[in-house]
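Dumping the structure here so I can ask a few things about it.
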Amino acid sequence: MTQHQLMLAAILLPFATALLILVTGRWQNLREAVTLVGAAGLAIVVFKLIAGFDAAAAAPLVLAEILPGFKVMLRAEPIGLVFAGVAAGLWGLNSLYSIGYMRAEHAPRQTRFYACFAVALGCAMAIALSGNLATLFVAYEALTFATYPLVVHWQSEGAIQGARRYLAYLVATSLVPFLGAIVWTWIAAGTLDFTPGGILDGRLDDGLLAVLLFMFAYGVGKAALMPLHGWLPSAMVAPTPVSALLHAVAVVKAGVFTLLKIAVYIFGIEVIGRGVGDLLVVVAAASVIVASLMAMTKDDLKARLAYSTVAQLAMVTLAVALGEPIAIAAGVLQLVMHAWGKITLFFGAGAIQLATHKKRLSEIAGIGAEVPLLMVAILFGALSVAGLPPFGGMWPKFLLIEAAVDKDMTVLVVCLGLSTLLTLGYLVPIVIQAFFRAPHDDDPHHLPEKHHEEGDLPILALIPPVVTAAGCVVLFVAAPSILAFVAPVIGLGGLP
Amino acid sequence: MTDMFQALAFDFAHLPAGWPLMLAGALSAAFALPIAARNIGWVGLIASLWFLFLDGAAPVLSPLDGALALAFHLVAAAGLLFARPVDGAPQDRAAVSCGLIAAGAGAAAIASTSLPALMIWTEVIAIASALIIMAGGTIEAVRGGLAYLLLQVLAGVLLLLGIVYGLGTETAGVLILIGLGIKAALPPVHGWLIKGYSTASPTGSIFLSAFATKIAILGMVRFLPGTEVLIWFGLAMAVGGVLPTLFEANWRRLLAWAVVSQLGVMVVGVGLGTEEALAGVVLLAIGHVIYATMLFVVAGVMERAGKAAPRGLGLLVFVSMLSIGLPGLAGYAGKAVIGEALIHHGMAWADYVIVAVGALVFATAGLRPLVERCRPSGPGATNPTAVSGRDVAATLILLAGSIGVGAFGFRLSGHFEAAFHVGPLVVQAVALAAVIVFMATGLRRLLPQGQGALDFLAVPWGRWVTGTLDLAIPLGNIFVRLGEEFVAMFGQAGRLGGRAVLGLARFVTYGGVGDGVLWTLALLTVVLIVSFG
Amino acid sequence: MILPDAILAHAAVLVVVLPLLAAPIVALIRDHRIAAPLAILIALASVVLALELVNATWGGETISYALGNWQAPIGIEYRVDLLSAAMALLLTVSGSLAALMMSTAIAPEMAPGDRPRLYAALLLCMSGLTGIVVTGDLFNVFVFLEISSLATYVLIASGSGRDRRALTAAFDYLILGATGATFFVIGIAFLYVVTGTLNMADLGERISDAGRRAVIVGSSFLFVGIALKAAMLPLHRWLPNAYAYAPTVMATFLAMTATKVSIYLMIRLTDVVFHTPGELGRVNFAALMPPVGLAMLVFGSAIAVTAKDLKRLLAFSSIANLGLMLVALGLGGVAGIAAAMINLFNHAIIKGGMFATATAIVHRRGSARLDAMAGLSRQMPVAFIFLVIGGLALIGVPLTAGFVSKLSVVRVAFDLGDWTVAGGILLSSLITVAYVWRIFEATMLAEPRSDAPKGDMHPAFWLPVGLLGAGTIVFGIWSAPVIELSTRIAHQMAGVTP
């Protein structure tokens, strides 16, 4: 198939899967099979796209023109393909996990759940392959609405409130600053096409560019830059597989990916680097530290992970704001590494909840001995997110520090080092608590008969975290290849 | 960045040395079958040795490096023998898994050729070691492990920064010095070692003592040789480390202090930086890996047995003790070579300090426990059980290593001959004799022992580190509150604004039809006024 | 096209006269089973005629038809340009869609014997509105305005079968509408006195020589009259009740047409009569429109958030959308008029679709109250999907017509550097999210009642609802037809060749 056909296939396949899921909703096993086949198919398509990618032959594919000049257009480019690869690669695992999780929880409305999941993936693919800001915006909005039913899945009072907040933040940011910034860009530059080197240089003066950058940074609410991060903890009311998707694969990654695209193809890395992004650097760095501190205070596992996500994503924003090829490389890698690390942690948190019906850090003392494999997976995820070798998460941190050193931002260097320690400080206790504490260390009311029966944890909920944890290690070795793949578009030299 | 990539591209072109050990560790962690876990460990150990030394594609190691790697494997073997993951100590399983990983990573670090790769492997060792400490199971151990991890990661970050700034620059030098310094327990950041080693389980401390600090020393040897300031740091460590051993009652804690003191000797050698001194440092590192582990094994056996020593332990303690300082066994050669180098550097007095420190370690870490606890007629009933065969085997394996160092030392380094210079031998003999006299007689009662004696020297306390971390929680709470206030304020403003808008909207929208006509007239008036105005 | 030339030549008149003449006949037929198909047939025939008009004027031609062969300015001239033709098409299509649903939708609430008269009223209303858009004579506009208004009162009042408050709503509208009409006719009188003609084209030529004060007074009266019919703030108070209490199917028709025709009049009068795009006379009403429009956007949306009834909610949403059109119109220029026209067409489609869906829901469930819609997403999934499509379009989600509308206005505002307007429009769309989400939460998340009537939409609604829903999506993706049409109209109005 040609590249164009593959791109279309990558976007349409999930939607077709969603349709088939709706059709086959009555037969559980068939429906799940559809999901898995769809996921496998998408993985193959995206793999072919990446393997066959040729920068010289990448031509845009115009699908529609919503307004004159506001085109729906696809174009494959390395950063997008990396994102597509992450999303497509994790969909299958997440689906496996979902099957294990949702069945164990006897969740209602599963057909809607899987269908929306597929649609969300389709939207993520469209974001990844978008050829201009207009298309990206279209897919971005669609993703918001496609994930709403997932967030509100339990339909309890709390879920409805949380989902409202989710929607309010995301729609408000995208409809006001984001769309405003897009139209402004459109008028200033006369085009919205993603162009290497950017389209805004010389069209606006640097002060206005800084304002525009801020509009984008806050407009892309999915990137959860503080103080507009509130939707992310709220979205934790969703079932855990959804949280995994939101926090690792689709939503937040779509956000930071958007920022990366804007930095590379709308502003141009150099333009941001010459001072336009400086204020954003401060905000993003503060976001990293503050969110880490806030994560420390959270007892609820998923809330802790949510704040962790806020902190880790702020690093991508930081990378964007630094405006250095190395920093952008860090951002791209962070997108990948954080996806794998955080999805592992969410899988883990969900599995803990399945196995023990406990969601709080203070309650899970000593459960690790029963599922050591799971705890090892969680540990790997935590260490990768914190950025320790030999896990993939080290690379983005390293490159970010390098960029900060290049720019002589000593304070930033300190912040980054501190953030690694803080990350360990709030993630490792999960492992400690679960693995190294006796079950009733400080719980005198612990009743032995509350001990659940074994085998509560479905194997389908155990395999995915183990695979993703192993992936964290593999990615450590694979990172240079990913960098080499994106290096041409971000102007990164000096790769072996 | 380029440095990092090139270094790693080279180092990761092949599987890292010691990978079978690491794999075995990971596998034994993952599968909850204790017996299988141990057997996996043995398979990994043998495979690792094969790929390290015998396989066609084996990395080319210098004799000293190779010996150090071999010593690591001996420690792993001893640890496997000593651990009891099946019966009794469930924490041992974690300790063994992590210990195997640390051993493998240690081998990989030795085989690595660049600072980035070394840094990565030290991080792996740090992670594994932290888990080993946490596996101790007590709250103290858990917090100590966390503190250990945080400190080690801090050191790792500093190393990474050093790499970023580029080897050779001054900033990088300082950063790497601090980073490796923390990892090598340089004062004033050595408390983690004392706390960590003593709170870990007995099995844990066997693995702990061997790898992390030695790799840090190795890193100093490779990247910071001849940093003068290290001589003074090393001497301070040597002396400061040995003092608490005089008064410490807890054997493993005492051993931890002894480790600090011996590391000090190595650091002195690094500071000298001559080829001879560096050879001595590695020799001592090899020796120390072996004899420190032996001591931790016997201390572990003692601890496991309770108050009274099992039969036969005395003999094991005796051979371990000899390994510390007896010429021809593991401990002596390195110290002698470093001493020689000191003399060549015109610091003969420092040589005497080292010798004295070594003798004191010999006395406090080996002799005194031997005399006080392992006498058949010691206080308390004699333990009727004999030392288990596994523990004996563990000691013997290490003893073989110890003898090997003495026997094949010449093959490792040309400077080894310093171990047979008569002058130092005499000095050593005098020193040993002195301490033997002191310890074997009632004179030793002049040194009162207590649990945690001179503990204030063990800075920074783990509490400081985790305390700092705990400080983050109130700080975080402040931000959480701030955020809530922000949202509440925003919400309040939104509600007020919304209500105002809604009120206004209702005012203009609802009402009788008469009002509507009035509004129409009003609008007309306004339009007319505007038109003519 | 398909029609014989003899008919073609008179299309401009026929499109008005056919329903006008057919209405009494329909009213006289006793049997509603004959009356309904006849009404549908007439409405569809009008659609064909309107299509013919669009076809004939697409290239920028103007059809001038002298009624009774009395030439203008003495006789009454029907003057059809693309704007008129497109509006006629919109009106007739709306009428047809309403007619298609009418007999089924009205069945539960009206005695069979009364129904033919209602059908006749619908035809009359459609005819009157069409007359407004095709005539070239100002007084004729007033006449048709009255015809359509009277028919509208009937349409609203006929909702009394379900809710007696429909009568008060109709009465209120009657009073206010009469006031507006009076103002309108007074304005015409002023202009006639100073120019001596009622033909709009003619008036436009003579007005520059006329007395300034009279023109100002006249145009002020005209403006207020039209503003009332356009439900411009603060003269919008008749609209919510009218839409909410009229039979839903008639509300569908009204929402798609009534206020749109007033917008048409604004464009027509400012550009043809006064030759001053965006101004009536020498008064710059254009400056008034963006703030008033923004206020309508905010106020309408705000009340919609608190509405407890779907029809009421949609009615207030209509006020907000009218505000958007006024803003676009106020921004002026070719782009502004084009944006207003895009909004006009798209909003008719979107809001028509939502009202049509509401008709189907009311038909099945007997109520449009939001709390009566629990469980709709499972019990009436098709209707729910169309509600979702319409709701998303109201918010302005990409790939729906609503996005095209909103973006076109925002783009114009940005182009002019009018940040307040651009920001205001974007911000107000957030309130839209709030009220649309009330629909979704009510239909999707609330626990369904067990005694809810079973079954999805009645088949009679499939075509109208489906067409309008599809239009919402199609014109959101393939917006070229609407944009091309609107741009051509704007160019023609502004007298610029594209």
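Each chain gets a letter, A, B and C, in the order it is written, and its residues are counted from 1.
Definition applied: a residue touches a chain if its C-beta (ideal position, glycine included) is under 8 Å from a C-beta of that chain, and two chains touch if they have at least 3 such contacts.
These numbers come from a predicted model, not from an experiment.
Chemist: If each chain is a dot and touching chains are joined, what shape do you get: line, ring, star, complete or other?
Modeler: Topology of the interface graph: complete, with all chain pairs in contact.
Chemist: Using only alpha carbons, which chain's centroid is the nearest to the whole structure's centroid?
Modeler: Smallest centre-to-centre distance to the global C-alpha mean: chain A.
Chemist: Centroid from C-alpha atoms only, then distance chain A to chain B, rounded to Å. What do you get?
Modeler: 35
Chemist: When the C-alpha atoms of chain B and chain C are each averaged to a single point, how far apart are the two points in Å?
Modeler: The separation of the two C-alpha centroids amounts to 79 Å.
Chemist: Report the inter-chain centroid distance for chain A and chain C in whole angstrom, where each centroid is the mean of the CA atoms.
Modeler: Their C-alpha centroids are separated by 45 Å.
Chemist: Please give the residue numbers of chain B that touch chain C in the complex, ascending.
Modeler: Residue positions touching the partner: 498, 501-502, 504-506, 508-511, 513, 515-517, 519-520, 522-524, 527-528, 530-532.
Chemist: Can you list the residues on chain C that touch chain B in the complex?
Modeler: 171-172, 175-176, 179-180, 183, 213, 216-217, 219-221, 223-224, 227-228, 233-238, 240, 281-283, 285, 288, 298-300, 302-303, 305-306
Chemist: So in the complex, which bits of chain C are touching chain A?
Modeler: So the residues of chain C in touch with chain A come to 392, 395-399, 403-404, 407-408, 410-411, 414-415, 422-423, 426-427, 429-430, 433, 437, 441, 444-445, 476-480, 483.
Chemist: Would you tell me which residues of chain A are touching chain B in their complex?
Modeler: Of all residues in chain A, those touching chain B are 227, 230, 290, 292-297, 326, 369, 372-373, 376, 379, 383, 386, 388-390, 394, 398-399, 401-402, 405, 413, 417, 420-422, 424-425, 428-429, 432, 435-438, 441, 466, 477, 480, 494-496.
Chemist: Can you name the residues of chain B that touch chain A in the complex?
Modeler: 1-2, 4-6, 8-9, 12, 26, 29-32, 90, 94, 119-120, 123-124, 127, 131, 134-135, 137, 139, 141-142, 145-146, 149-150, 153-154, 156-158, 160-161, 164-165, 469, 472-473, 475-477, 479-480, 483, 486-487
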